[in-house]
Structures are given as structure tokens and as C-alpha cells.
Amino acid sequence: MVTLNAYLLVSGLLFAIGFAGVLLRRNIIIIFMCLELMLSASNLSLVAFSRFNTVNGLPNYNGQILVFFIIAVAAAEVAVGLAIIVALFRARRTTHVEDMNSMKG
Amino acid sequence: MPPVAFIIFSVIMLVFGVLVVVNRNPVASALSLVVSFLGLAALFVSLDAYFVGVVQILVYAGAVMVLFLFIIMLLDLKAEARRKINVVPMIGGCVLTAVLVLQLVSVLNTFEPGKKSLVEAPLDYAAAAAARPAVPEGKSDTIKRDLRENKLPDVRLLGEQLFTKFPFHLQIAGVLLLVSTVGVVILSKRELK
Amino acid sequence: MPSTPAIILFLPLAVAAFVLLASKGFKLNATVCALVSTASVAITLVLSLALIFGAKSDSPDEVVKLFTWADFGSLQLEINATLDRLSRGMLFVVTFIGTLVHVFSLGYMKDDAGKARYYAGLSLFMFSMTGIVLADNFAMMFIFWELVGVSSYILIGHWYTKDSAADAAKKAFLTNRIGDFGFMIGILILFGATGSITFAGVEQGLTAGVLTGGLLTAATLCIFCGAVGKSAQFPLHVWLPDAMEGPTPVSALIHAATMVAAGVYMLVRVSFLIGVSENAATIIAYVGGFTALIAALMATQQDDIKRILAYSTLSQLGYMVMAVGLAAGEAAMFHLFTHAFFKALLFLGSGAVIYACHHEQDIWKMGGLKDKMKGTFATFAIGTAALIAVPFTSGFFSKEAILEAALHHDMLLFLCAAGVALLTAFYMTRLVVVAFFGKARTGHSDHATEVPMIMLAPLMLLAFLSIFSGYSIIADTLSPAAVHSEFNLAIFLTSLGALIAGAGGAWILYAGKDKDPLNIGIFRNKFYFDELYSVIIKFAQDKFAMVVSAVDDLFIDSLCVNGISRAVNGFGLLLRRLQSGNLQGYAFVFGLGILVILYIALINT
Amino acid sequence: MSNLLYILIFLPILASIAIALGAPARLSAIGAALVNLAISLFLFASFDSTAAGYQFAASFPVIPSPEISLSVGLDGMSLVMVLLTAIVTLCAVWVSPKQVEGSLGLYYCSSLLISAGGLGAFCATDLFFFYAFHELALIPTFLMIGIWGTGARKMVAWKITIYLGLGSVILLAGLLALFINLGGKSFDMATMQAAVAAAELPATTQAWIFLTLLIGFGILISLFPFHSWAAPAYASAPTPTSMLHAGVLKKFGLYGLLRVAVPMLPGGINTPLPLPLLGEITVLDLMLWLLLGNIIVIGLVTIAQKDLDLMLGNSSVMHMGYVFLGIASYNSIGFSGAVVLMFGHGISIALLFALAGRIREHTGTLTISRLGGFGKLAPFLGLTFAFAAFASIGLPGFANFAGEVAVFLGAFKGAGTEITFLQGATIVALWGVVISAVYMLRAYRSVFKGEPHEGATMPDLTFSQRIPVLILVASLLIVGLYPPILLDKIKPGIELIAKAFAE
């Protein structure tokens, strides 16, 4: 049968894929998508823990509530983040992160 | 859920996750992400988290990804022109990811509680129904009723928790969404004054 | 009802404040201010006379407490009035000359734009000088000592738009400050050793022998430093001739009769100190003698009438200081008393001459004044006679006393004093002969007329006293100290010989001449002291200050302070490199950090 | 009655808030300063000069443990400082221009906040607020120099801010070390003082803390060699800021030494410390060396200055040396002298800066060689500048003289026939009296005496401009002519401090 570790492993791999995307891709929109992947990976872990730690024969819903909040925050983040990207694109005509280096000291 | 289904959905999820990263075309990446999220939602369902699974599809695969596609279309992003690949950051990123995976594996190897399977953590509706407190005369407990009927009132249970234990947090999340809405409106205005 | 000394002391201060406020704030007529000021000083003169005649011959010395100026718990600084023969007599001299000078100034400064300021300065000076005279402790003495310096600064620089006057005022003040520096050190050492600041307390401590040896000598010499500054003794004598840039009545009051004599007065006041410190006394005597000699030499070659008198003052002050050093304080005070009258007379007389010659001061541009200004000439001649010690004038008696003291103590100083007497006769005769005899050399002296009565009257009064103040009938009551020396033939002959030789020599050399037959550069240029000092000041102070300033700038500010700031800045620049602006660089570091933490937290345990 | 001190401190703050909300800037500022002066005079008049200890005390608890409370109170020394602050504030606000580039409100608010900081620091009897109020005053100083300064104002503003900030940090370290070593329970000064005897700190510990405090306070006072911020800052700052900082705020460090370091670290002053480069040296000896640096070195530096404002700035650094000498004498005469000197110097330097500011306003320069004959053009200006200059070089009749004489006498009190380093240093320091006369009279001679330069103009002060000048002159004269007016109030408090280490 499927063990908790299996879920955690899958979640971890998904996280790693997202992480690799953040590090390797130069397109800021794709980086953003990869961030969503990482968030989702953590959601999977949370749900898995919630299911495996039963309370009185039911999943521990605290974990799922955290997932709920993460999704809400992620939605807000996506909205704001994309708005920022649009504003940036208007100013710079690019979505390439290497072109966005005005923070260089 | 049998292991086969778990494996299938996991593989779908991971493969399309990889596609997100490697696709040169942002639209293809976005669509891959949708598929990856579908696989993820299936895994949620396999964990008896029906509500979260549905939300994942509705909010993520639906709303958020539409937003992404919208923006990609709006900005009219073509496939990236090939740029010179910087070798050092590339290798660095790959190594870091690999190390992360290695760490993960080694941690999971020694994680004893994680070795129990779903069978060893069965859902017990009767016990759950029994554990619920008594309700006053004249009121009925729909959750208890559902449990007695051997159904998992997933949404109700979540909602009960949310509104009894975390009402304040819920409101904060609401405010956050409001603020972000306002923020987005301001950011999207052409002329910032 | 405030006591008499309190009125004498504070009335001039009140008047000074009143004159300043009334003229500046309420535009009061300057002549009214002048009259108020003159009236106040006349009142103080009357009160001083009342003090003298009110005191019985055997009445004890007393200290009238006025108020506590500062109370530190363990130490009180008090403003008191000490009343003894010394202070009463000195008070008379100060207020008497002061009154005459005030009156004389009514004429002399009639049309001056800054008349109110002038009289405020005079009143302030009267206040300060009275304070010195009345002081019963070192702190009070020092306070008024400084105030005298201030009022002198104000009055010398009265015509402040004139560069020479402004410079002279500054020079006088700074030179005096150097003297005060020593004075203060002396006061502090005495205070530290005896724990007391009053004259009586310090004397008691010294009698008990708490302070001896080198430190006592040092303290005495430090106190003497104050007198060196104020009484313009060598090496701080350079300010006095320059101070003649002030109005002539001021020169008469401050730079001839009173303020410069304050040094001598102070030395006599603290004579208990000189009495116990023999080495210091010798040094003081020699400084006085040396000053008297060089000043007399310099006087022989000056052309400016006031400068001649200034050097003469220096020389006479040297006499007095010498007397103090020879433990003949009474002789010194006696000479101070007579000198005050005849020197004030000479200065006011020169003022009258200058006034009549439309502010011409060069004696070679005068001449023939004796017929045009008969009254002035007569009084001036009397003053000269007293100064060169013509027998039976006041100067003769007092100088005799000093010569006697010198003869008894130190032959070298006696010879020096005799030489000075000769030189005095020489340069004064030269002055009189050139300025008053012969014929007028310029239009100024040709058109000179006698000065008005308000200026002449003080001269006459002073002339009277120049002759008779040496006689015991006046000296015994009014003078701070009177000495009736036994007739000593040797001294009489010496002084007569010096007189005849000096006066005769000058008459022969100068009668009928239109320009100076002698030209001795070293005397004319005052032994190059001014030049020497300006070189010292330039190098020891200005250049040194510039060097110190540059070091301060370069070392402390540029190297230490800005150096540290540059080091910090450089470090910041270095750190700036890390801020690459590369988003993924940051993400990489971030991830690395997480891995490290995971390793430490989970695997390493 | 006891709330008066709170009113005193918070009135300027309230006035700045009112100005920020749109009240007329100049009117409100002068009004607040006038009320504050009235309150200070009332406090001064009703102060009981026979009682030791804090009067008009009030307390407002803020944090229970460690005990921090906004407690205020006055003893004679702080009373004098408060009076000084009130007088200088009124005059500084009064001489401020009616129009400035940029926000007039901010200009006046800054002056008021500096004043509030000063008042708070002098009134506070709680170590925490004592420190915090002084910090409050640094920010508006920075703003004033940075916005309205002249010359290299940005550079100077940063310099003073970083320098004073550094000093404050060192000071904070010292104060915290003191606090922890005295039990670490309460920031109340009286409680800490009471804990001194019980704590029985080792002398070396005390000496180290004293040294830290000396450096911390010393930077704020421009103690040699930490002085190089002062002259450029005063030269560059707008007139009211120079007046307030040089006149009032700088005294905070000296006040702090007398209030905190001297009584709470009785054994710290005479214990040798092994310092790098200097070898074994006591804090007292170190202080004497440094104050001689202030007096002689900076005195010579002052002589070399060619601009009036830099000269005044340096002279104010120099005169701090005398206050240090008063503290170093370690007896009640010296301490009283130090306090009176602080008052006198604060007033006289404020007056000098006010008058110099007036000249700069009109001529646009303060280079001495380009000015001349102003005594003839503007007699009132010349006369009052002379008063200020005379006061500054310590002539009798002005408050500074009383202070200086007491400082010198204090150094020799009980010296006996031995000339120790203290007495030797005093004798050397006396030469500074000559030095200060040299530069002051030279400058006065060049600027005010002689004939005016061709075509030069300098309007005299108007009636309204004369009022603050006359207030300052009058304060100098009253205290100078009759010092007991201050000394009587100071005495009990000072004797308490003197007693703290005598035991």
C-alpha cells in the first residue's frame, strides 16, 4: 500500500522540480509558475500529513485548513505578482530576469 | 486507492512539472502546469481531501492559470530566443536541486512514522460520530448524521473547523485579498501619479 | 544707608551704566551725560576727603564688608573695602586726578561725537580703579584689575575708526593679559598654599611659614608679573607708549597717574610677600631699575610730545618698582603720590598744547608757545621742574627718598637711578626748549592761542600741588605714605649735579635748533623691542598656530576621523559587490542557506 | 506644581505639532518659547535654595521591570541648565528668519524640538529618558544643517550625525554598563545613586565605565581629539541651530558627567588603567591631558582661523576645556564654577552666533578680512558684540568670569605647597585665557574697528532684532555682577555630588 513516505517523496520531488525551475529559467513568468509548483508541493505534504495523522478516525483538518489559506494567499500573490510583471514589462519591454538588475549595488 | 493509480497520477504530475520547467514556450509551460495540477488534485482526492482537491482544480487550474495565460497573451510573449546559456549558474542550480533531493531521500529513509501505509490509518466514522459532543435538544447535528450513514462530510467538517477555530484568520485572509485587489488595480493603472 | 566706601565704589558704576543706557537707549544729550559723570566723580572726591579727615590719626585699619560676591561654601569671595592710610590716600589721588580730568575733558572733548561713550568709559574706569584701591583680597583685586584693563582698552580705542588707536588698544589689552596670566598663577599658588584669598589670611599663612623656598619666590614673581603688565615694566612695557593714541586726558588719568600706578600700589599692598622673599625682591628692584634706565634713554630721542611723557612715565614707574624691591614701599608710594600730580599736569598741559595746535603732537612742529600760551607754559614748566626734581618741589622730596633707599641697599641701582635722574632732566628740558622756546615752526603753533579756563583751571590746581604736595603739611594728611628723609648731602649733591648736567646739556644742545642735532637710532627705535616682539609673535604664535591648525586638520580630521569614515566607506563598497541585482543569484544563495540549515537541523543530529 | 516640568518639556513638542498642523510657525514658536521662559523663571524664583535633592519632582511609570519611568525633577544644577535652555531657545527662535527656502514650519519645529530634547534631558531624573531626550534633539539638528546649512552642508550634516551618533552609542554602552553594575533593576537616578554604596564595585570596573562615559560624553562635548565635528558644524548650521547646539545641547555631556559619572563612580577617577599607547594612566590624568588639548591646541587652531564662524566654533570647543577643568578639580568650588561657566558660555556663544549670523545674513560672508568698520556702520551690533566677546574671554562683570575664577580656584583648593599635575595643568590652561583674548580681540579689531571698507554697508539691528540680543546681554551681566543668584541655588545639589565621592 501507499505509504506516507511515498507521498512525501512525490511532494519533495515536485518541490525540487519547482526549485530547479526557479534557479534555471530566465523568464520571470515561468519562474512564477515554478513558485506555484513549489507551493503546491508543500500543499501535498500538508494534506498527506493531515490524512495520516487521524484524530478520532477522521483526518486532522488543521492541515487542510492551512492548505486552504495557502491557496488563498497564493491566489492573492499571483494577482499582485502578475500585476507587477505587467508593470515591469511596460517599463522595460522584457520578462527576462537578467534585464532586471536595477537593484545592483 | 490502489498503488497503481497513485503511481500514474504521481508520474503525470511530475512529468508535466518537468515540462513546465523545460518548455521554451510560456503557453506550453502554462498548459503543462494545468495538467500537473490536475494530477495533484487527484492525489488530494486519494488522500480523502475532496474539498481541497476540488479547490485545487477550481482555483489553481482554473482561475490562476487562466490569469497566467491571460498575461502571457497580453504581453504577447513568444518562445524565448535562445540566449547564451551561463554554464556556471546552470550547473549550480542542478547541483543544488540534486543535493536537495538527496537530502530528502536520506531524511525520508530514517523517518519511521512515514513508513505506515494508508491501511494502517483507516478512517473510522463510527468512532468519529461517537466522539462528537451532544447537541442540545431540538437541534440536529448533520455531521454526526452523515458519519452515521458512513459518509465523509468533508466540506462540513472543514467549514466547522474554519469558522469555529480560525474565524479571525479567515477574516485576515479576506482583508489580504481585498488589499491585493486594490493593489492590483493601482498597479495596473497606466499612469501612476 | 550704604556706607561711604560703598558709595565711592558703586556710584561710578551706576553712572557708567546710566550714561550708556541713557545715551544709547534714550538719546540723552551727551553734554548732560558728561556733566552727570563729572558730578559723580566730584562727589566721590568729596567722600574720599571725608574719609581722610574723618579718620583719626590713631584710628585702626578697618575692613568694611560690602557684599559677598560669590559663596562656594568652603570659600567666600567678598567685595570689601579696606580702609587704611594707604587706601585712603590712594583713593584721594584717584578721585582728585579723576575729577580734574573729567573737568578738563569737558573742554577737550567738547565736540567729540562719542562723548557719551567717553564719559561712560571714564566712569567705568573710576569704578574699577576704586575697586583696586579698596580691595582686601586677591580675588577682588583681580576682578578690578581686569576691569581696569577693559576700561583702558575702551578709552585707548576711543577713536576706534583710526587703525593706530584700535591696534594700540588691542596691544595694551593683550600685553596686560599676559601680566594677568602671571598674576593669576601667583594668586592661585598663594591660595593653594595658605587656603586663604584675603591679604590678611595670606599674610598670616606666610608668617606661619606654610610657603617657603622656590615656590614662594615663584609665587611672588608671578604676583609681580601682574604689576609688570599693568605698570608697564620691562619686558611688558611696549604697550604704554602706544596707548598714547587715546585722548590726552585719558593718558593723563590712566596712563600716567592712576592705572599704571596700580601695579606699584598692589606691590605695596602685598609688601608682606616681598618682605619674606628676598630673591624675588632683588629681581623686582633690578627690573624696576632697568626699566627706568631704558625708558629714559628712549625718551631722549622721541619727537611726539605725548610719547616723551609716556616714556618718562615708564621711567618713573621703574623708580617706584625699584623702591618697592628695595623694601622702601613708603618711598614708592610717596613718589607715586607726587608723580600723580605732576605727571597728570604734564599730560593735561600737553593736551592743552595739542588742543591749541589743532592736534599736532610733533614737538619739532611747535615752538614759541611760551608767549602765546602763558598760563599753559607756566604750569607746564612747574610740572617739568617737579619731574626733574628741582629742589624744593614735590618731586625732589620723593625722588630723594628713593635715591636714599637705593644708596643704602645697592650701589649699582643707586648709580642707575642717578643716571636716570640726569636723563630725565635732559629729555624734559629738551621737550620744553623745543616746544615752548624759539619761534613757531609751523602754522599750527603760530596760530595757537591760550586754552579756555575750564581746561586751564585744572592745570593750575595741579601746578599748585606739584610744588607743595611734597611738604609734610599736605603729604602727611593726603598722601598714602610720606617719607621725611634726613638731609643727606651726598644724595643732594648727586641729584643736583644730575639736574644741572642734564638740563644744562639739553639747553646747550637744543636752544634755538630747528631739528634734532642728535640721531641715535637705537634710542629712537626703542631698542627695537616692538620689532623683536612682532617677530616673536609672528613666529611663536601665528606661524605656530598655523602649524598646529594644519596638523589638527591633517592628522585628526583627515587622517583619523575621515580615515575611519573612508575605511567604512571602502568596506561598504566591497560589500556592494555582493548586491549583484541577479534575482536567481539571490535565490541560489537562499536555497543554499536552506540546505545548510536542513543539514544542521535534520541530518547532523 | 509638579506638572510644570512636564509642561515645560512637552510645550515645545505640542507647539511643533500645532505648527505641523498649520498654526503660524513664528508666532507659535515664539509663544511657546516665551511661556517656557516664564515657567523657567517661575521655577527659578520658587526654587528652594536651602534644600538639597530634587524639587518639583514628578514621575510617570512606563515599564515596571526594569523600572523605567518618565520621572522629572530639578536640583540647582539642572535648574540653571533649564533656565539657560529657555533663554537661548527664545532668542534662537526670535532671530530665526521670517522666510526660508522650503518649509518655514519645519524650520521652527526643528528649533523647538532641539529645545524640547535639551529640556527633557536636563529635567529627567531617569537615566533612560535622560539619554533618550538628548537623542531626540539630534535629529532636528541634522535636518537643520542638512536643509538650511551653508557651505558643504550635506557633508557636515552627515559628519555631525555620524560623529554624535557614535558618541551616543559609546555613551549608551557606558550607561548600560553602569546600570547593570548597579543592580540593573531601576533606571531611576536616585535609586542608582543609592545603590552605589551597596554595590561596592571594584575600582578598576568603575574606572573602565568612567572612561567609557568620558569618551561618550566627550564626543558630544567635542573633547579633544573628538572635536573635529564641532567647528564646521557650527559654521555651517543656520544661526538658531548653532545657538541651540553650541549654547545648550553641547552642555548635555558636561551635565551628564557631573550628574552621572562623578557621583555614581566615586572610585573611577583615580584608578590607573592600562591603556594602549598611554601606559598606566588614571582617568583624571587622561582627562587633564585631553582638556589641555582643548584649551591649548584648539586655542591655537582658533587663532589660525580666517572666518568668523569657524573661529567662534573653535572657540566654543576651546572653552569646553575649562568646564572639564572644573570637573577635574573634584571639589564643590570647581563643580560650581563648571556649572556657572556652562551657563555663561552657553549665553555668550549664543549671542556671538546670533550676531555673526546677522552679519552673514547681510554680507553673505564671514571671512574676517572682507569685513571691517562695522562698529561705525552698526554701533549697536558693535557694542553688543563687544559685550559678547568680553564675556567669552572671561572678563569680570560677565557670567563666564565667575565660572572661570571658580574653576581655577577649585583646582588649587587645598593644594598645599605641592604642584601636582592638576595644578600644573591649570597653570598651562591659564595661558588659554591669553590665547582667547588674542583671537577674540583680533577678530573684533578687524571686523568692528577701523574704517569700513569701500562701499560696505551693514544696517544696524532693528528694534525687534535687539530684544533677543538684549535678553542675552542682560543674562550675562546679571549673573556676572551678582553670581550668587546662581551659586546659591547650585550649592546644595553640588555639595551632594561632592559628598558622593568624598565618603
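Order of writing sets the labels: A, B, C and D. Residues in every chain begin at 1.
FYI, a contact is a pair of C-beta atoms (placed from the backbone, for glycine too) under 8 Å apart; a residue touches a chain by one contact, two chains touch by 3 or more.
What you see is a predicted model; the values in this text were computed from it and never measured.
Compared with chain D, the chain whose C-alpha mean position is the greatest distance off is B. With centres defined as mean CA coordinates, chain D is found 35 Å away from chain C. Mean C-alpha position of chain B lies 66 Å from that of chain D.
Our note on geometry: chain A versus chain D, Cα centroid distance of 60 Å, whole angstroms. Taking each chain's centre as the mean of its C-alpha atoms, chain A lies 9 Å from chain B.
The multi-chain contact residues of chain A, meaning those touching 2 or more other chains, are 19, 23, 26. Annotation for chain B: residues touching 2 or more other chains are 89, 92-93, 96, 100. With touch defined as above, chain D holds no residue shared between interfaces to two or more other chains. Every pair of chains meeting the contact definition is listed here: A-B, A-C, B-C, C-D. Of all residues in chain A, those touching chain C in their complex are 19, 22-23, 26, 28, 31, 97-98, 100-105. Taken together, the chain C residues at the contact with chain B in this complex read 584-585, 588, 591-592, 595, 598-599, 602-603. Across the interface of their complex, chain D is touched by residues 24, 68-75, 77, 139, 142-144, 146-147, 149-150, 157, 160-163, 166-167, 169-170, 173-174, 177-178, 180-181, 184-185, 188-189, 191-193, 195, 197, 210-211, 215, 541-542, 544-546, 548-549, 552, 556-557, 560-561, 565 of chain C.
Chain B makes touch with chain A in their complex at residues 1, 3, 6, 10, 13-14, 17-18, 20-21, 26, 29-30, 33, 36-37, 40, 43-44, 46-49, 51-52, 55-56, 59-60, 63-64, 67-68, 71-72, 74-75, 77, 80, 83, 89-90, 92-94, 96-97, 100-101, 104-105, 108, 111, 113-119, 121-128, 131, 152, 157-158, 161-162, 165-166, 169, 173, 176-177, 179-181, 183-184, 187-188, 190. Chain contact summary for the complex, chain D toward chain C: residues 159, 162-163, 225, 227-229, 297-298, 300-301, 303-305, 331-333, 336, 373, 375-376, 379-380, 383, 390, 395-397, 401-402, 405-406, 408-417, 419, 423, 426-427, 430-431, 433-434, 437-438, 441-442, 445, 448-451, 482-484, 487-488, 491, 495.
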